[in-house]
Amino acid sequence: MFRDASLVAGKDLRIERRSRVTTQQIAPFAVLVLVLFAFALDPDRGVLGRASAGLFWLAVVFCTVLAVQRSAAVEVADKAGEGMRLAGLEPGGVFLGKAMAVAAQLALLEVLLGAGVVVLYGTHLHDPVVLVATAVLATVGLACAGTAYAAVAASLRVGNTLLPLLLLPVLAPVLLAATRAWEAGLAGVSSDAISWLELLAAFAVLYVAVGVVGYGTLQEES
Amino acid sequence: MFRDASLVAGKDLRIERRSRVTTQQIAPFAVLVLVLFAFALDPDRGVLGRASAGLFWLAVVFCTVLAVQRSAAVEVADKAGEGMRLAGLEPGGVFLGKAMAVAAQLALLEVLLGAGVVVLYGTHLHDPVVLVATAVLATVGLACAGTAYAAVAASLRVGNTLLPLLLLPVLAPVLLAATRAWEAGLAGVSSDAISWLELLAAFAVLYVAVGVVGYGTLQEES
Amino acid sequence: MKSVRVLGALAVVTLTGTVVLGLGLPATYEQRTYSRMLALHPPLAWTAYVAFGVTAAASILYLWPRTRRARFDAVAAASAELGVLFTGLTLITGSLWGRPTWGVWWTWDARLTTTALMFVIYLGYLAQRGLADTAAARAKRSAMIAVMAVIVVPINHMSVEWWRTLHQGRSLASLKPGSELDGDFIAAMLLGFLAMTLTYVWLLVMRTKVIEAEADLEEDALADAIAARRQEALAT
Amino acid sequence: MEPLHPPDHIGPATGEPVVRLRSVVALLGGFPALAGADLTVERGDVVLLRGPNGAGKSTVLRVCAGLVPVARGEASVLGVDIVRDRTSVRRRVAMLGHAGFLYDDLTVRENVTFAVRAAGGDVATVAPALERLGVAGRLATTRVASLSAGQRRRTSLAALVARGAELWLLDEPHAGLDEDGRDLIDGVVRGATAAGATVVIASHDTDRATALSTRVLTVAGGMVSAEAVRVP
Amino acid sequence: MEPLHPPDHIGPATGEPVVRLRSVVALLGGFPALAGADLTVERGDVVLLRGPNGAGKSTVLRVCAGLVPVARGEASVLGVDIVRDRTSVRRRVAMLGHAGFLYDDLTVRENVTFAVRAAGGDVATVAPALERLGVAGRLATTRVASLSAGQRRRTSLAALVARGAELWLLDEPHAGLDEDGRDLIDGVVRGATAAGATVVIASHDTDRATALSTRVLTVAGGMVSAEAVRVP
């Protein structure tokens, strides 16, 4: 399964490198989102300062949506995804691979956004340990939930389910936990972060598990 | 030209009705965005209340990106857009038609988001006249700028994800003006809104004009 | 060619002049020596405006079928690159100035934000120019984008009026005898503007030549490609 | 093979040709898909373009339809100089590409109706066209996404038949169609020429296409060369 | 037309058949694309499925590849009951569909390499396959997005040739290929059978395909019926 995963991840990342979507398009978009937030919430630094954790993660979530859309579109064109199924790749592996590729791109974007938050919102990144731990766990959660969501959205073309309605909000808890954990980290009270980190870890495990087990079904329905 | 426009608009709206992308993917996304904002900016209603205008329009802008991406994707599949060019439809008409279809969807989403803002952020929609006027002008501006840029993005291999980069900076001024106008409206000082409405009107006219004139060029190079 | 060298010389002279005059500026009470930025920062910003204006103009000339020349596309591209450069310098000098005066490197002031926006928009313009495509296609598409993008300039210029802001108002526009800016500040600012503009024009001319040279190289490459393609016929 | 001499010296030169390409170069992503192509098609001709994969057949058709810009050389279609203006000729041309120009989410009838109305045609022609291409009845109300390969192809053809044109550009019209589908194509082509239209076909199904055509040209290495003349 | 009697009474019944469909019903979006199809393919057979557009040929192949679930009836491929488990058989089957399963942003070589590694094949087989299908050289490093229709098809075939399989399902393999491309297909099929594989072809290019095949069956109205037996 992990062989398949690395194979698929490698393929997706190569496609991304080829089309330079992440570096040339999503990344500037990410920075832009920060700017727009700053716009939307008055130039009153008070808000920006307090909200910076939340805004950071919101930006990440929006990038997730874009990255995942792209990752799904790649498989729809010329039925490439069907080709992978025909090759007999393990669905779990395919899921992991695509999620890993998305996660890799998100990680890159988070570094960028982190820098952006520091420069634009004047946030000080206290307690890097907590922040990084949060980032890792949250990224896994987002990438997996997103990849699963993409599969559903793809299969939506055929059977008109209302699944997205149920599935999209799974991102919300991750966002909440990540935000709270970062707020704790930024405020320097790492102890508060622990419980949130545990929650994030739980989500990550859950979504990985659900994805690995359920992706086959989602795939076959499309 | 207007014959072509209504023809294309009808076609696009019918496709949306069929595929239910707006109702089943974008609408949930829109609501999610509001919810996420509520999460991200800790449930201290003060912030939410003050920022609600900005958040509303930010959500609208993100929906615009999605709606416009979809509207472009429809023409890419099976080279349908090429078919329209072969039919000799007036580019200006095609532009207006697609923009109208997007605007219609945005209007629908704005109603939804408006309700969301009231429910989630406890905003009171004072001075409906200003709010509606703003919404109308802003929607036209967003839809036109979006459609024009979608044509640009479609003409590049990396289509969809380049769109945000090109699109959002141009949308940002509209976002700003709309936000300020709504803030004025919500605050009940309609007089302040006037200048913003003028600005919005200017944007709308500009983007419509540029689109109608330039769409042919954009289309041809795809 | 000679004229270009003259241009370059003039640019250098005026630049040095600006520096001298700028350093010569008296240290004002509230700003101390930082007020000398006045000789640098506004001129940079205005030159950026000029550059983007030129890009838009050249683009319109390209789009108009009668006046369509490959050169206008080259000019548009070169001018946009320089505009981004000058905008970047504006941002840098601005925040260097902001640190001592406002106590922050950056703040969500309208002027600052719209400038940043201007920067991003034209980065986007250059990014899409980078994508592989046939010359004509790239030229037309870019021209369209340039025409649409240029509206950010007036927005930026008016932003200080439209939004209450920390940033200086449009003092020159509202300049009258005995206004708060005193004589040699204005002189320095104007000389600086002249210097920047000359530098800009000089760089523009040279950069345009380079871009056109690159285009010629592409032409030669095409000739070879055509020959190779014809060979395929013999193969079958 | 090298082009002997421009094919127009061979074909019957009666008045202004419908298609006239002179050493046309067309670039696709920088690659010279056409490297100096010469082609002359007279009114009423049925020209077959044959040649190896990647020779440039589709590109020739797409240039004639005004979809691909001409980088060098002269080109005129139906008397319009497509180097200067490649849009105004399109409404008079009916093109069947490798792609079908169909909207997956619309039904067969909706797709054909849209195509006809877009081309400014008369909607009354839709029903007969669907009938003729065997996509009436159940299929007429089926989403195109759920058609079989051949049924998709038939739908695209129905759109062309319904709108009609002065110049028909058919890129591998026989591909994916069953026997009577191919007979249908032949019927459509004959009908078109009978109505005074001109047809250019790119096809690998040489036997059928040759039987159909008045002239056979070979495309190779981005060039067109005369090969045989068949008196109809 | 009505199925006379299940084709397996005709074909040489040697041991466990490779494909065995018994009154299979397959639904596509609620529509019975297969309405009780019977098909038996013995090891080493080259079976040609012919029939009108929309008859169900592609669906038969997709069912055999485990892409379409069997709604009713019995079905086993390579000894695996695909009604229960339709995934495990896939790795042993090579399918060429109407779509090519290619990634536009990857080059020809990258696409083929990925396909081979995904199927657990040996990467050393890639280069020869590209060579054999004439997509080596310049094309090997060209993005698939910019290939011609036939070149795309050749790339998809190269992937299959490189990975190999016990059962080949070819949906209109000849479509879009030039003369020597079609000869290539014939070579591929002969090679496969020589290596002890079994082949099922759906095609409208009947002359060629018939010459190639040991049995010709007709698909119509979602049913398969025996038509002729050809002694190889």
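When the chains are written out, they are named A, B, C, D and E in that same order, and each has its own residue count from 1.
Keep this in mind: a contact is a pair of C-beta atoms (placed from the backbone, for glycine too) under 8 Å apart; a residue touches a chain by one contact, two chains touch by 3 or more.
Being a predicted model, the structure only gives us computed values, none of them experimental.
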Both-way neighbours, i.e. chains that touch chain C and touch chain A: B
Where chain B and chain E overlap in contact partners, by chain label: A, D
Interface numbering overlap (same over half, different under half) for chain D and chain E: same
Per Cα centroids, the chain farthest from chain B: E
Chain C and chain E, separation of their C-alpha mean positions in angstrom: 60
Euclidean distance of C-alpha centroids - chain B vs chain C, Å: 30
Whole-Å gap between the CA centroids of chain A and chain E: 38
Junction residues of chain B - those touching two or more other chains: 19, 157-158, 162, 165, 169, 172, 220
Overlap residues in chain E, where contacts from two or more other chains coincide: 29, 104-105
Residues within chain C bordering two or more other chains: 117, 120, 124, 127, 133, 136-137
Contact footprint of chain E on chain A as seen in their complex: 4, 7-8, 11, 14-15, 18-19, 74, 77-80, 82-89, 91, 158, 216, 220
Touch list for chain D against partner chain C, complex: 1-2, 25, 27, 29-33, 35-36, 51-52, 54-55, 69, 71, 220-223, 225
In the complex with chain A, residue positions of chain C that touch it: 104-110, 113, 116-117, 120, 123-124, 127, 130
Chain B-facing residues of chain D, complex: 65, 67, 69, 86-88, 90-91, 93, 95, 97, 99-106, 110, 114-115, 117-120, 143, 163
Interface residues, chain B side, partner chain A - complex: 19-20, 24-25, 28-29, 32, 35-37, 39-42, 47, 50-51, 54-55, 57-58, 61-62, 69, 157-158, 160-162, 164-165, 168-169, 172, 175-176, 179
